[in-house]
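You will see chain A twice below: alongside chain B first, and alongside chain C after that.
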Partner chain A sequence: MEDKVRYVARLARIKLTDGEVGLFSRQLDGILGYVDKLNRKLDIQGKAPPMSHPHEASNSFRADEVKPSLPPEKVLANAPQKKGDFFKVPRIIEE
Partner chain B sequence: MAYEPVIGLEVHVQLKTVSKMFCGCTTEFGGAPNSHTCPVCLGFPGVLPVLNKRALTEAIRAALAVGCKVSGKVKFHRKNYFYPDLPKDYQISQYDEPLSEHGCLKIKTGGAEKTIRIKRVHMEEDAGKLIHEEGGGSSFVDFNRSGMPLLEIVSEPDINSPEEAYQYLTDLKLLLRYLDVSDCDMEKGSLRCDANISIRKKGEAGLGTKAEVKNMNSFKAVKSALEFEFERQVKCLEAGERIIQETRLWDPDKGLTASMRSKEEAHDYRYFPEPDLVPFALESGLIDAERKNLPELPEARKARFVGALGLPEYDAEVLIQDKGTADYFEECVKFYNKPKTVSNWLMGDVSGYLNAKNLSVRDSKLKPPGLAGLLKEVDSGKISGKMAKDIIIEMLDTGKDAGAIISEKGLAQISDSGELEKFAEEAIAENAKTAEDFLKGKDNALMFLVGQVMKKTKGKANPAAVNKILRDKLSK
Partner chain C sequence: MDNLYSLTAGELLGLLDKKTIKPEEIIESVYSRAQSVDKKIKGYLNLDKEKALARAKSLPASGRLRGIPVAIKDNICVEGELTTCASKILRGFKPPYDATVIGKLKSEGAIIFGKTNMDEFAFGSSCENSSYFPTLNPWDTSRIPGGSSGGSAAVVSADEAVMAIGSDTGGSIRQPASLCGVVGMKPTYGRVSRYGLIAFASSLDQIGPFAKDIKDAALLLSVIAGFDEKDSTSVNVPVPDYLGCLKNDVKGMKIGIPKEYFVPGMDKEVEAAAREAIALLKGKGAQVVDVSLPHTEYAVAVYYILATAEASSNLARFDGVQFGYRCEDPANLLDMYERTRGEGFGAEAKRRIILGTYVLSSGYYDAYYLKAQKVRMLIKNDFEQVFKSGCDCILTPTSPTPAFKVGEKSADPLSMYLSDIFTISVNLAGVPALSMPCGFTKSGLPIGMQLIGNFFEEGKLFNAAYTYESNTDWHKRSPEL
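What follows is the complex of A and B.
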C-alpha cells in the first residue's frame, strides 16, 4: 500500500512525509478492507453494474446559447502572474 | 524483405456550436486573449459543467454518418494530467463508455476501394493555448479555446500507406463538411490529426511497436510525416535496432520526425467518472431522429449524379468534392436540364475564374439562373460557344445576365443567311486559289474561308451557318 500511496502522490504532485505515507496507507487499508467485506459477503457478480453516480437522469443538457463571458479584470484577478491579457507561467519545454 | 506500414489515425474536430461544450462562452475564433472565458472553462472551484445539446446532437450525427453504433447513454470521465493549458488539471472526456463505436469509412486509392474501420467516436473538451516567450523563461496562456467541443474519431490500424492516410482524411473531412458539424479548418485548429504508425513484414498479421506522430498542420504534412516515419522504422529494423514506443514531432522545415523528450514515466491519466456530470440516458427517439435528419452524404450524391443525371464518374467525383459546388450544380440543372454541359462549364471556365480569384462558387456574382440563361443562348444559336466563354467572364465580373451583355455589345451571331452569303461570296472572290484547293478535295481549305468570313463579321457569324453557305456556294 505504501508504494501505491507514493505513486499516486507523485502523479498528483503532492509531497508527503514518510509519516504521512504511513498514516494514509493505514487509513486507505482500513477503507479498502471495509469495502472488501462487502465484496466477500455479497455476490453481485453480473447482478449489478458498477455505479458511478447515485441517481439516474435523462437528457441533462442546456441549449446552445452564448452567455456573457467574464470581464478580463475578473478573469485575471487571481492569477499569480500575468502579462497583458495572458496568464503567465514558467516556460514549458515541449521539444 | 518488404515492409508495410500499419497506421491508425486519431482525428479531433471542433464541433460547430455557438457556445462552448459545458458553458455559455462563445466559440468564435480569435478575440482578445482570455476574453471568451468564464468560471467553468477557467476551472474555478465550485462550478458545474452542463452539456451543450447541440454539441451532443452533432456528435451523434457524425457518429451515425460513419456507421457507428451510438450508445443510448452519455457518460463522461476525467482524464487527469498537469499542464498549464489545462486549468482544472483534468480534461472532461469519455473513456470506457464512449458515445459510439464500431463504424467504418470507405476510401478509394488508386482505383481500389478499401474499408477503414473506425474504433470509436467520442466527445471531449479542448484545452487552452500556450504561447512561448521568444528566448525568455515564460509561457503565456490563453483559455479562449478551453472547453471548446471536440469530437475524437479514432480509426483502427487499417491504413497501410501514407496515401491511404491522406485519402482517409480527405474523405472524412468531406463527410463532416456535408454533415455541417465542423469547419474542419486545419489552419484554425478546428481539425487536428495524430498518427500511430508501426511497420511489419508484408504478409504478416501482427502489430509492431508503434510511434505516435504529432504536429502535422496539413493533410500533406501527415502524408510526408508518415512517409518519413515509415522509412525511419525500416532503416531502424534493418540495422538490427528496436523500435521504441514514443511520441515524435513532425518538423515541417527539416522534413523529419524527432523524438519528444520522453517523460520520466508513462502516462497514467487516472481516469475516473466525472462526478459533476450525471451519466444520463438519451431520450428514446433522439438517435433515430438524428438518423432521419442526416443529409445526403457524398458517396450517395456521387452515385445519384452518375445514375440519375448521367454524369461521367470523373465529373461527379469532382463536383461532390465541395458541397457548395455540388449544390450550385444541382440548381443550375433545375434551370437548364443538360447536366453534362453544366458540369463542363462549372469545371472549366467557372472554376478557372473562381480559383484565380480565390472565390467560392457561392460568393460568385454568377447565379445558377444566369449560367442557365447563357447556355440557352448558345443552344439557340444566338451566340457561339466561343463567344459564351467571353460573356461568362463578364457575367462573373459583373453579375449581369447574358441577354443584357449580348445586346449591349451587339454580340448576337449573324445567322441571317442573306448577310452571310454576301460575306461568303466576297471571301471566295478574294481567295480564288483556296476555293480551288477545296474543290480539288482539300477539306482544310474550307476552314480558311470560314475564318475569312468570321473576320469580316468580327467574329459574329455563326460558324456552322457559314460553313454550310460556303459548301453550298462552292459546290454549285
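What follows is the complex of A and C.
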C-alpha cells in the first residue's frame, strides 16, 4: 500500500512526509476495504447505467456575446508572485 | 430594544416594517452577542462590524431580507472578503467577485455578516478539520457542532447570526443543523446556483439555508433559489412561493418511513424522538407508510468514491500559481506544485485527494469509480420508486447520534464517514431534504429529524415541517451561554 500511496501522491502532485505515507496507507487500507463492499456484495451486471449527475445531462449553451471580464489588476491581486500583467512561476523549460 | 439577536428574521422584518427598529440596531445587537459568546463557540473566522454597518447605510430601498444579517460559510465567495475554505492553502484569498447567492442576498437587502468556520474544503462532519481552530457545539462545548458547515449551524444556534448560508455535499448542512438544534436545508441539486461556491464535489454540492425556524428557512431559500446562466448545472424551473407553502395542515399527506433508517443498535433517544415525530404528524392527519430504500447500505461507499474522485480533480486548481499559498523557494515547477500542496493542504484534504486519485487511476477506475456510478443510479432509483408510489415525503433521523465529543472520531476517518449514513443518499440522488429539531436527549443535546422530498418539491417539505413546528416548541429552546 505504501508504494501505491507514494505513486498516487506523485500523480496528485502532493509531497507527503514518510509519516504521512505510513498513516495514509493504513487508513486507506481500511477505507478501501470498506468501499470494496460494492464489489463483494453487489452484482449489478446490466442493472444500472453509470450516473454522473442527478439530472439528465445535456450541454448547456449560452449566446456567444462579448461581455466585460475582470480587469487584470483584480485578477492578479491574489497572485503569490507576479510580474507586470502576468503570474510569475519558476522556470518551466530546463536549460 | 433588548435581545434583538434572539429574534427570527421574520420577527425582525416585522419590527423593521413598523419602523420600531433600524438595521443598525440589529447589527449592534447581533455583533455584541457574538462578541460575548463566540469566544466559547468559535463559529466565525471573520466578523467585521464596521463593514456590516457600512452595508446597512447603502441598502436597497426595499428587499425581502432588508436589514437582516446573514452569516456565510467560508467556501462561498464574497467580493473583497477573505474566503479561505478554512484552509491554509487559500490563506489571504479575497475573491474578485461575488457568488451568485451573495449577489441575490445583497440585492434583497441582506447584510453579509461574517464568514463561518468549516471543515477544510468541507471535508468532514465535525468542524475539527478546519486548519484554523475547531468550532464547538453551543449546547455543550465539549462536543462538536457537526460539519462541515459547523460554523454556520453554531452561530445561528447561539444567536450570533439571524440566518446563515452553508453548503451540503453529503449532509454538511443537515447534520450540523441537527446537532446544533436549528433548521437546515439542502435544496434539490440545481435549485440554487453554485457559481462562486468553491467546489468540493460538483455533482453533489448544493448551497442552502440555516435558520431558527421553518419560515425563515423558506424565506432564505426563496431569495437564493433560481436558474443562473453562470452555473450550467442550475435548472431552469420557476421558484415557487415557499412562504405560501407554510400551512399547518398535513391531512392526506403521505409520509414514507424507510426501514433501512431504523435499525437495531441505533441510538435509542434518536429513534424515540423520530418515532414521536411520526406519531405527531399521523395524529395531524398524515398517512404514514413503511417504505424501503434497499441500496441505502451502499451509500457511504459510493459517496466516498465519487466525492473524493471529484474533489481530487476540483482541488487540482490549488497549485500555488494564481492565488493562495505558495511554498518558499521552489527549485522548479514540479517542486512548487508538490510542496505547495503538501504544505498547504491539511491531513483530511490530502487523504481525500489521494483516495480520489487512486479510484480514478488506471487499473482501478472500473472497480471503484465506474461501479460507484452505477450503484449511484440504483440509489436514485430507490427514491424514485418511493415517490412514484405516492409518498409526498420521507421522514428519518438526520444523524444516527447526537453531537459526539471533540476528538472522539478524529483519529479514525472511517468512523467519521459513517456518521453521515442518513444524509449521504440524498446528495447522491439529488433530491431535497431538510433537518429540523425534534427533541432533546436527557443530557440536553438536540436531536434532528430529516424530511426528504421529490425533485423540486421543497414546498411539500416546508409544509410538513411547518405543521410539525407549529405543534411543538423544540425550536424555541436556546442553549445557555
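Miscellaneous remarks
Methods note: the second predicted complex is superposed on the first by the 87 of 95 C-alpha atoms of A that agree within 3 Å, B and C clash if a C-alpha of one lies under 4 Å from a C-alpha of the other, contacts with A are read in each partner's own complex, and residues count from 1 in each chain.
Assume a contact is a pair of C-beta atoms (placed from the backbone, for glycine too) under 8 Å apart; a residue touches a chain by one contact, two chains touch by 3 or more.
Owing to the predicted nature of the structure, the values given are computational and were not obtained by experimental measurement.
Touch criterion met: A:64 reaches chain B, while chain C stays clear of it. In the superposition on chain A, contact of A:55 is made with both chain B and chain C. Using the contact criterion defined above for the overlaid structures, shared-chain residue A:11 touches chain B and also reaches chain C. Within the superposed three-chain model, A:87 lies in touch with chain B and with chain C [touch as defined at top].
Looking at the shared chain after the overlay, A:72 reaches chain B, while chain C stays out of its contact range. Judged by the touch definition given at the top, the superposed model places A:24 against chain C, while chain B stays out of reach. Contacts of chain A with chain B, set against its contacts with chain C after fitting on chain A, overlap at residues 8, 11, 13, 52-53, 55, 60, 62, 70, 75, 81, 87, 89-92, 94. Interface of chain A with chain C (complex): residues 4-5, 8-9, 11-17, 20, 24, 27-28, 30-32, 34-39, 41-42, 44, 47-55, 60, 62, 70, 74-75, 77-81, 87, 89-92, 94. Of all residues in chain A, only 8, 11, 13, 52-53, 55-70, 72, 75-76, 81, 83-95 touch chain B in the complex they form. Residues 92-94, 96-97, 189-190, 203, 229, 232-233, 235, 297-298, 300-302, 304-305, 312, 316, 319-326, 330-339, 341-343, 345, 347, 350-351, 353-355, 357-358, 361, 367-368, 370-378, 380-381, 413-414, 417, 429-431, 455 of chain C are the ones that touch chain A when the two sit in their complex. Residues 17-19, 23-26, 32-39, 42, 50-56, 75, 80, 82-84, 130-133, 136-143, 249, 258, 260-261, 268, 270, 273, 275, 277-283, 286 of chain B touch chain A in their complex.
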